[in-house]
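Structures follow.
Next come two complexes built around chain A: one with chain B, the other with chain C.
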Partner chain A sequence: MERAELLEQATVAKQAQKRIRIHCCTSTGCQASQSLDVKKQLDNAIKTHNLGDTVEAVGVGCMGFCGQGPMVEIEDADSPAEKKHYQKVTPEQAESIIGSLNGSGEADAIEGDPNHPFFSRQLLIVREHSGRIDPERIDEYLAVGGYQALHHAIYEMSPADVVQEITQSGLRGRGGAGYPTGLKWATVAKMPPGQKYIICNADEGDPGAFMDRSVLESDPHRILEGMAIAGYAVGATQGYIYVRAEYPLAITRLQKAIQQAKRKHCLGAQIFDSPVDFTIEIRVGAGAFVCGEETALIASVEGGRGNPRPRPPYPAVSGLHGCPTLINNVETLGNISPIIRNGAEWFAGIGTERSKGTKIFSLTGKIRNNGLIEVPMGITLREIVEEMGGGVPGANNVKAIQTGGPSGGCIPDRELDTPVDYDSLRELGSMMGSGGMVVMDDDTSMVQVAQFYMEFCRGETCGKCIPCRAGTVQMYQLLTKLLDEKATKRDLDRLKELCGMVQATSLCGLGQTAPNPVLSTLHYFEQEYLDLLQPDPITVAAANRG
Partner chain B sequence: MTATRTSPPAKSTEKAKTQDGKPDKRFKVLDITMKRNQYRQDALIEILHKAQEAFGFLEEDVLSYIAHKLQLPLSQVYGVATFYHLFSLKPSGAHTCVVCLGTACYVKGGGDILKAVEEDVGIAAGETTEDGQVSIVTARCIGACGIAPAVVYDGKVAGQQTPEQTCDRIHGWKQADS
Partner chain C sequence: MSVVTLKINDIDVAAEAGKTVLDAAREAGIRIPTLCHLDGVSDVGACRLCLIEIKGIPKLLPACVTEVSEGMEVTTHTPQLDEYRRMTVEMLFSEGNHVCAVCVANENCELQDVAIEVGMDHSRFTYRFPERGVDISHPQFGIDHNRCILCTRCVRVCDEIEGAHVWDVAGRGAAAKVVTGLNQPWGDVEACTACGKCVDACPTGSIFRKGSTASELDRDRGKLEFLVKAREENQWTR
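So, the complex of A and B:
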């Protein structure tokens, strides 16, 4: 297919859109608050007001402000800068919102401020179309320039060029550890030709994080396009998306997207009539945190128990069915087509010295503005929590921010001025992880938080190696003993010792990082642990005797 | 040497029919899924999902039926079925209430919801009431953290729940069915 043809399709799709688009969120969070009914009533009202020629209601993906859903946004093509936001919209209010369009009355709905820092401080790359296009229609994706980067890569660039571009962009893996993406791609590309695989890791296991879910539900084609570009770059013709079964809506939308993309020759055999083939299949997980770990995930894609295995060999050398395999997280893949479209330099100009681009965070917990934000790397935690998030509701203060899920740690309020990037968070004893940010206030007991995470790890260990299997159980018991106010100084020492041991000797990332929440809370909130300690009976007895 | 395939246990093929000799529809669903996946062994998890959807849980007969069809040792199928949290080898209730205990829900009181429900219904998480009406399950983040604490009632996500709301919903189920 010629480039002109693709552009033509995009123009046609663009022209088919009405002047005024009413975006109504249909992602999981908003659906739980009846957004589908809102959409239905909007459609009805457009009909009764005879506005069908200029107005359309579009079911879109997530707009980010999930705590205030259902969200409705009005965009007028004549004045695109002036958007209107409505929050917590009920089906009954739909009528008045439509009525307000032609001046007959005011909209009876809570109007939000699109210039609120929650929105204005964001920089959208991965989420650029999220909440603005209908994820179930490929035309909408084409209308915003979708699949043009793939076309460009295939016809204008050699595979080596693509790898080079990604390397120069400085993109690092968004799944957690922050490994340079270009380097990973180059390793797989360098392997001798033959069967290779691309796996999209959509097994978002970190509790408190939902950015991958949102991206998949809001803009699934972006991920397919990213995977296809990756496939071309490293010489793979088969891709798998490993999604959590807990995300049924994301699965349905992905399935639809794959079918539509195949029909348009954006995927499948001979993409755009070129010699390039790339097919994508979905693999549904079944609830196991450990499957987020690369080698465990591969075992699961093969249909087995999600047991990790020691590395090396790394999946890039020997992965799925023993073939070279490139595993990238959803958000990482979401960055690919913009990088190809706008160039490595553009991307490298955003963010900090060693962390380029943006990061999506899910801001939740004890915070006023709940939801998803995409911000440039280097923004401070304070800007995120206080300015964008609006701080803790009520009279309480921020006590700590938990980042990185069970593999991360708690950052105390006194470190709020830290700029957020991979390295600074690690220095604070936490990590970026996939981007969960759970705000905790004064009422939260940090020992309890540590126990909560240890319970999680105890339940999620695959049991293959002893340090992790037995260590997490022991640590959980020690933490419980502390909380029951039965522990002594010796128990605390033992807990610390165990942390180091499990960290150093576990087989995979789950075990190696399991002690992190304990270590970080111990580091910053040791007093809370000490306050729970009981006098040691032996020393007490000795003292009495002496 | 020719490989000899052991014939399937009589039970698992017989099971494909109901007592009145008609083929069991649920096995048909299973057959279609396996066929669509070309009986590929690496599709085992997909097939188990489908089986659980059709049968409600994974009874042993179903597991051995799948093992036979995919030419996998039963031990392996069993091993996979028990490894993942979402597979259940016990029947679940007519209604399920899933309380999210992910971090976001936990800090906003998900634990209190669970405690209240457990006390109210009189069973612990992971159990089903004796009359088979209600199962209580916990989840580790269902990805609706923006509206925490979240509870899933029979597959429908609800946000910003309180212990009272959740107990009320469960009472509603009980009344509707009695």
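So, the complex of A and C:
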């Protein structure tokens, strides 16, 4: 297919759109508060007001402000800058919202401020179309320039050029550890030609995190496009999306998207009539945190038990069915088409020296504005929590921020001015992780926080290696003993020893990082642990005797 | 065959390329404790007892799956490694119910041997006393889950040598356990050929031959290795 033809399709799709678009979020969060009904009533009201020629209600993906859903946003092509935001919209309010469009009365709905720092401080790259296009229609994706990057890559760039572009962009893996994406691609590309695979890791499992789910539900084609570009770059013709069964809406939308993309020749055999083939299949995982670990994920895709195996060999050398395999997380793949579209230099210009681009966080916990945010790397935690998040509700103060989920740690309030990037967070004993960010206030017991994460790891360890299987159980018990005010100094020492041992000897990342929440709370809030200690009966007895 | 030279505990060792550090160390007469490793079947690196230090690599690596390479400098014993090993064994004892005095494998048990080797005389961790079952539905054998350390040696011999794949692991974390068939009573699993390889493979008293009383169990580990050699190298004498 000629480039002109693709552009033509985009123009046709664009022209088919009405002047006024009413975006109504139909992602999981808002669906849970009846947004589908809201959408239906909006459609009805458009009909009764006879506005069908200029107005359309569009079921879109997540707008990020999930705590205030259902969200409805009005965009007028004549004045795109002046958006209107309605929050917590009920089906009954739909009528008045439509009514307000032709001036017959005020909209009877809570109006939000689209210029609030929660929105204005964001920089949308991965989520640029989230909440603005209908994820179930490929035309909407084409209208915003979708699949043009793939076309460009296939026809204007060699596979090596693509790898080079990704390398130069400085993109690092968004799944947690921050491994340079270009290097990973280059390794797989350099393996001798033959069967290779691309896997999209959509096994998001951190408590409180829903970034990947939201991206998949809101803009599935962008992930497919990123995977196809990756396939072309490293010489793979088969891709799998490994998504957890708890994400039914994401799965349905992905399935639809794959079918539509195939029909348009954006995927499948001979993409755009070129010699390039790339097929994508979905693999549904039963939902085990450990399957986020690359080797466990591969075992699960192969149909086996999701157990990690020792590395090396790394998946890039010997992965799925023993073939070279590139595994990238959803958010990483979401960055690919914009990088190809705008160039490595553009991307490298965003963020900090060693962390480029943006990062999506799910901001939750004791904070006024909950939701998903995409921010440029280098923004400080204070800006996120105080400006965007609006701080802690009530009279309390921020005590700590937990980032990185069960593999991460707690950052105390005195470090709030730390810029968000891979290295600074690691220096503080936490990590970027996949993007959970939980704000905690003065009332939070840090020992309880550590216990919560240990309980999670204890339940999610695969059980293959002893330090993680038994160590997390023992650590959980010691933390519980502390909280029950039955522990002595010796128990605390044992806890510290265990942290070191589990970290150093576990087989995979789950076990190696499981002690992190304990270590970081011990580091910054040791007094809370000490305050719970009881006198050691042996020392007491000795003192009494003496 | 190419040969590489490496240093293990400052001793120069020559080893066949492709061999593991564990093989090389054993050949050189250096003992590294193991539990999940079994000659003749694949390695899984699960018990973590064979962890070693390699110069220039910040992580500890399992000797059983790490290949030797030219110029490698390996240390198999340091106070830290010894401490980790002891903790590992202590945790194994506290997560199951290991009452040696009434075990068929008493004095014939690799878990006991390793405990002695790492100098464990008691466990500093809380005993869990888990409720675990015993399955004696098989006419010839039984499995006592109380003594299982989840080394998966039974799983691998059955799959890789016998080709029956009767055994597998179910559940995760503290609830992980080996199962027969589709988690059926062993006696109901038609795929079981009653070959007894799992009995020979089990390092503890977990899988046993019925009728053996305490301290009577005699395992023939050599048989397993012999079978693999016989098939691979056509060498039918032992």
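We take it that the second predicted complex is superposed on the first by the 546 of 546 C-alpha atoms of A that agree within 3 Å, B and C clash if a C-alpha of one lies under 4 Å from a C-alpha of the other, contacts with A are read in each partner's own complex, and residues count from 1 in each chain.
In this section, a contact is a pair of C-beta atoms (placed from the backbone, for glycine too) under 8 Å apart; a residue touches a chain by one contact, two chains touch by 3 or more.
Computed from a predicted model, the values in this text were never measured in an experiment.
Participant: Contacts for A:288 in the overlay, against chain B (first) and chain C (second): which applies, first, second, both or neither?
Facilitator: In the superposition, A:288 contacts both chain B and chain C.
Participant: Contacts for A:309 in the overlay, against chain B (first) and chain C (second): which applies, first, second, both or neither?
Facilitator: After superposition on chain A, A:309 lies in contact with chain C alone.
Participant: Have a look at where A:472 lands relative to chain B and chain C in the superposition and call it first, second, both or neither.
Facilitator: second
Participant: Who does A:301 touch here: chain B (first), chain C (second), both, or neither?
Facilitator: first
Participant: Chain A residues in contact: does chain B have more, or chain C?
Facilitator: B
Participant: Answer with first, second, both or neither: which of chain B and chain C does A:416 touch in the superposed model?
Facilitator: In the superposition, A:416 contacts neither chain B nor chain C.
Participant: One more residue to check, A:371. First (chain B), second (chain C), both or neither?
Facilitator: Only chain B; A:371 stays clear of chain C.
Participant: By the touch definition at the top of the document, which applies to A:123: first (chain B), second (chain C), both, or neither?
Facilitator: A:123 contacts neither chain B nor chain C.
Participant: If we overlay the two complexes on their shared chain A, which of chain B and chain C does A:452 touch? Say first, second, both or neither.
Facilitator: first
Participant: Overlap of the chain B and chain C footprints on chain A, residue-wise?
Facilitator: After superposing on chain A, chain A residues 288, 305, 459-460, 462 contact both chain B and chain C.
Participant: Which residues of chain A touch chain B in their complex?
Facilitator: Counting only chain A, the residues touching chain B are 28-29, 31-33, 66-67, 69, 204-210, 213, 244-247, 283-289, 300-306, 362, 364-366, 370-372, 402, 405, 436, 438, 440, 444, 452, 456, 459-460, 462.
Participant: Looking at the complex, which residues from chain B come into contact with chain A?
Facilitator: Touch list, chain B to chain A: 40-46, 48-49, 76, 79-80, 83-87, 101-108, 139-148, 150, 156-159.
Participant: What does chain A use to touch chain C in their complex?
Facilitator: 288, 290, 305, 307, 309-310, 458-467, 469-474, 477, 494, 497-498, 501, 504-507
Participant: Touching residues of chain C toward chain A in the complex: what are they?
Facilitator: Touching chain A from chain C are residues 44-48, 51, 59-62, 65, 83-84, 87-88, 91-92, 94-95, 124-126, 128, 149-150, 152, 168-169, 171-176.
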